[in-house]
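Heads up, the next two complexes both have subunit A, just with different partners, subunit B and then subunit C.
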Partner chain A sequence: MKQIALITILAAAAFALPLVIGENPYITGILISVLMMAALSSAWNILGGYAGQYSFGHAAYFGAGAYTTLILLTIYPTLNPLICVALGIIAASIIALITGSIVFRLRGHYFGLASIAVAEIVRLSVLNFDFTGGAQGILLSDVSLWGLDLNSKNPFYYGMLLVLVVTLGITAYLRTSKTGYYLQAIREDQDAASSLGINLSYYKNKSLLISAALTSVLGSLYGLYIRFIDTSAVLDLRLSIEIILTAIIGGVGTLWGPVVGALLLVPLAEMLRSNLLGDTLVKAGLVSETSALGIFLKENLAHAHVLVYGIITVLCILYLPKGILGLFRRTK
Partner chain B sequence: MSFLQPLLSGILTGGVYALAGIGMSLVFGVMNISNFAHGDLMMLGMYLAYFAFTLLHIDPYLSLVLIIPTAFLFGYVLEKLLINRVINHPHQNQILLTIGLGLIMSNTALLAFTSDPKILTTSYSSSAFNLAGGISISVPLLLSFLITCVIITILYVFLSKSTTGMALRATSQNREAAQLMGINVAKMSAIAFGIGTALAATAGALIAPTYYIHPLAGHSFLLKAFTICVLGGLGSVVGAGVGGVIIGVVESMSSTYLSSDWKDVVVFMIFLAVLLFRPQGLFGNKGGQS
Partner chain C sequence: MIQDLLRISHVSKHFGGNVAVLDISFSVDEKQIVGLIGPNGAGKTTLFNCITGFFPATSGEVIFDTKKINDLRPDEICRLGMARTWQRVKPLGSLSVLENVMVGAFSVTNKARQAEENAMEQLKRVGLTDYASKSAGSLPIGLKKKLELARVLATEPKLLLLDEICGGLNHTETDTILDIIRTIRQRGTTIVFIEHDMKAVTSICDRIVVLNSGEMLAEGNPEEITNNPDVIAAYLGGGHHA
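Showing the complex of A and B:
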């Protein structure tokens, strides 16, 4: 109950936030990215954190939502986008069921490996088919829903916020529900869970389906928001890894870990991308703008955010394997 | 076109894949770690061969004499500094650590060598032997295959006859029992990772003359190496060897009879089919790994 109350309070604060910051597309854009990554990582966390099944291919579900929505809207421009979102969920669920039925009978390394293989099959198929736009991707010119101004960013801010709140709500509910206890039992010891009569495959598939469906909704929203998608934006292995990394840094298997991770990582990536970090170093007088190092930083730091992710991943696994929130969690 | 042509090219390329697969399988067997940086280690091997050729003017095949010890040392140190610290961690932490290391390697390469693909052109790059029946064998592919055979033979003798080799196999079979018999399993892990790295870099160097050399090239090789390992049975060195050749042939056949765009899809489908029908692999022991 305490967690539900906290979710409600924070959601209310986030709801009011655009009114405080006013019309600032740049800041709103970053906030949308934060909400999206927090929601993606929370959705992944239901499967990875609570059931202990690390998926390295969540981009497949995100891409399924994004591609289903944009392909349908390209063919039927007048279709209600919400129907597309629903069909995206179905597409993602089919991929999830195929993956789950193949690998959840197996243990250990296999689920991780197979999730990558499935995601790569999806990515390469989208790249090679014609109706998916292939390597060029899909550009959507116009979209409308209930007379909302979908050219502004606010509807998407609230859309992402809604999905995040729903995801956190499901997670909070799962923590104390029968299913949630079963999932955690599976995570801690499959054999013990199985001998107590828990149907391993059923509950793993259930958590995968919930996780994939939420991820696909976020993919659809992203597609409608950016209105341009290609495989490198929505189906890349890098996206899957970013989702996991966000959860790891915040704390895997905690309710708020993914949110904390997104609040740290997304602004950091944005600072690197916009070269804010390089400029700050120069302005602080730490690095001279004309020196070799200064020029190198200016030219390269913007491309280095994946490198920084790599370094953070390594440091996090070595020194902070339970994430930031893991530091405060009571040992069970 | 003759059926034999893609079969032959497939076997030749598959030999090099086998080398990468064996490296990964050895690491998996001895350390029980899925090494997600394996593809990026291959990429580093490609660049080592490229720079040995362009800067030092050493033939890419001769440069192996330099690349193998360098890569072994690199892998050995990497294990001692980082990998061994997660050896008792859950699998997912090991996977994430190696993914992180892979990202560091590929993106450092991206900054240092830019994203322009490099091509290593030797005097014999496009030459080929023409056999009866219109079949031709590319010289660089044949050389790579022959070198692969030599290396695999040396590795086989090393693993089956030498004391260190036997200790490695013992650690692979049962880490605790090996430790009780007085084997320094920590050292064996470092050696296994060193050999794994050397094999990855060698495979990279061997395909460098026939591929685009690119910082992100490791990605597709990583997934291929996993498919080979799972096909052969995770941890089985012989299985990885056979798996490599099978994957090489499958790839070559699907390029010829389907389309080269779909060859990776076919490889991953086989990966899933193996998990579905024979998860222990062709040569693995019964039962999934814990």
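Showing the complex of A and C:
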């Protein structure tokens, strides 16, 4: 109950945030990215953090939502986007059920490897089919829902916030329910779990389905928000890995870990991408613009945000194996 | 009383060309405590794995409560009322002691509050109440064995298979566990019990089944077994008397 109250308070604060910052598309855009990554990572956490099944292929479910929605809207421009979101969930669920029924027989690292393989199959299929736009991707010119101004960013801010709140709510509920205990038992020891009456494949598939459905909703929202998708934007292995790193750095298997991870990593990536870090250091006179370090900061670092993620991850694994939130967890 | 709550007939288990268990048949009546003994490698744990669904038997039948359970998964067998502990304890390390037992209790209830109540009751039975909020991974081995027992009791089994539940414990701890097992039986649970400690086995078991190199060597009450020359030769060492 305490967690539900905390979710409500923070959601209310996040709800009011656009009113405070006013009309600032740049900041709103970054906030949308933070909310999306927090929700993606939280959805992954239900499967990876609680059930301990490290999926390296969540981009497949994100892409399923995005592609289903944009393909349908290209063919039927008058269709209600929410119907497309629902159909995206069905598409993601089908992929999840096929994946789960095959790869959950595998344990440990083999599950992770198999999940990459499935996601790559999805990506390469989409890349080579015609109806998916192939390598060109899909561009959506116009979309409308309830007379909302979908050219502004605010509807998507609230959309992402809603999915994040729902995801956190589901996670908080799971933690105190039979399913949540069973998922954690599966994570800790599959033989012990099985000997205590837990149907391993049922509960693994259940957590995968919940996780995949939420991920696909985020994919649909992203597609409607950006209105241009291709395989490198929504089906790339890089996306799957960013989702996992966010959870690991924040704290795997904790309610708030993915949120903390996203709050840290997304703005950091933006700072690197936009050269904010290099510019600030040069302007402050700390680094000369013509020195080797200055050139590196201004020219190269912008392309290296994944490298920085990697370094942070290594540091986290070495010094904070339970993530940032692991620091604050009471030790029993 | 139910005759033959568990009946094992002609069970064999091969791993490739290796025969781990060959043509074992015995049965267990309700409320009995049956000991399963034998030297290392005799096939005791393999037989447990065949009975509880972890390794399906290559041939033969396992009948529990008049139902053939050869082809069922371990979780289905557990929900039918047959539960096991592990020789190498398997605590759910990052969960608390109470949460470990709750996982067991969830096999008979869907409500977290009810599961917690049942779990506290089982912790009281084995004397772990004070450790309820400790992390299960941090317990010493003696308490981990008690936790295994509490967790499996929370599934409310009709038949309990204990795999060396006293292994690695000192005399006081062993006596405590044996006392707990006696009270479990008094409340109507049937027990099959793998153990090395001959004194523990003879003091608590109604009947004993002896395995040697995967085959059944003898079956009988404790007195018959301790005086059986084959058993003495194979298990207790040639020429010595128990």
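Side notes on the structure shown:
Basically, the second predicted complex is superposed on the first by the 329 of 332 C-alpha atoms of A that agree within 3 Å, B and C clash if a C-alpha of one lies under 4 Å from a C-alpha of the other, contacts with A are read in each partner's own complex, and residues count from 1 in each chain.
Quick note on the criterion: a residue touches a chain if its C-beta (ideal position, glycine included) is under 8 Å from a C-beta of that chain, and two chains touch if they have at least 3 such contacts.
Only a predicted model underlies this, so the values are computations on that prediction, with no experimental measurement involved.
Per the definitions stated earlier, placing subunit B and subunit C onto a shared subunit A by superposition produces no clash, and the two fit side by side. Taking the C-alpha centre of subunit A as the apex, the lines running to the C-alpha centres of subunit B and subunit C meet at 70 degrees, rounded to a multiple of 10. Shared-chain residue A:Glu23: touches no atom of subunit B or subunit C. Within the superposed three-chain arrangement, the count of touched residues of subunit A is higher for B, of the candidates subunit B and subunit C. Contacts of A:Ala193 after superposition: subunit C is touched, whereas subunit B is not reached. In the superposition on chain A, A:Val314 makes contact with subunit B only, while subunit C stays out of contact range. When both complexes are overlaid on chain A, the residue A:Tyr110 reaches subunit B alone and has no touch with subunit C.
In the overlay built on the shared chain, the residue A:Tyr182 is in contact with subunit C alone; subunit B does not reach it. In the overlay built on the shared chain, the residue A:Ile244 is in contact with subunit B alone; subunit C does not reach it.
The superposed arrangement places subunit B and subunit C with a least CA-CA distance of 9 Å. Comparing the two interfaces of subunit A, the one with subunit B and the one with subunit C have no residue in common. Listing the residues of subunit C that touch subunit A in their complex gives 52, 54, 73-76, 78-79, 83-84, 86, 90-96, 99, 102-104, 106-107, 110-112, 115, 133-135, 138, 151-152, 155.
On the side of subunit A, the complex with subunit B involves touching residues 48, 54, 56, 102-103, 105-110, 112-114, 116-118, 120-121, 124-125, 127-128, 237, 241, 244-245, 248, 300, 303-304, 306-307, 309-314, 317-318, 321. Taken in their complex, subunit B has these residues touching subunit A: 34, 82, 85-86, 89, 91-93, 95-97, 99-104, 107-108, 110-111, 219, 223, 226-227, 230, 234, 259, 261-262, 264-265, 268-269, 271-272, 275-276, 279, 288-290.
On the subunit A side of its complex with subunit C, the touching residues are 176-178, 181-182, 184-185, 188-189, 191-200, 253, 332.
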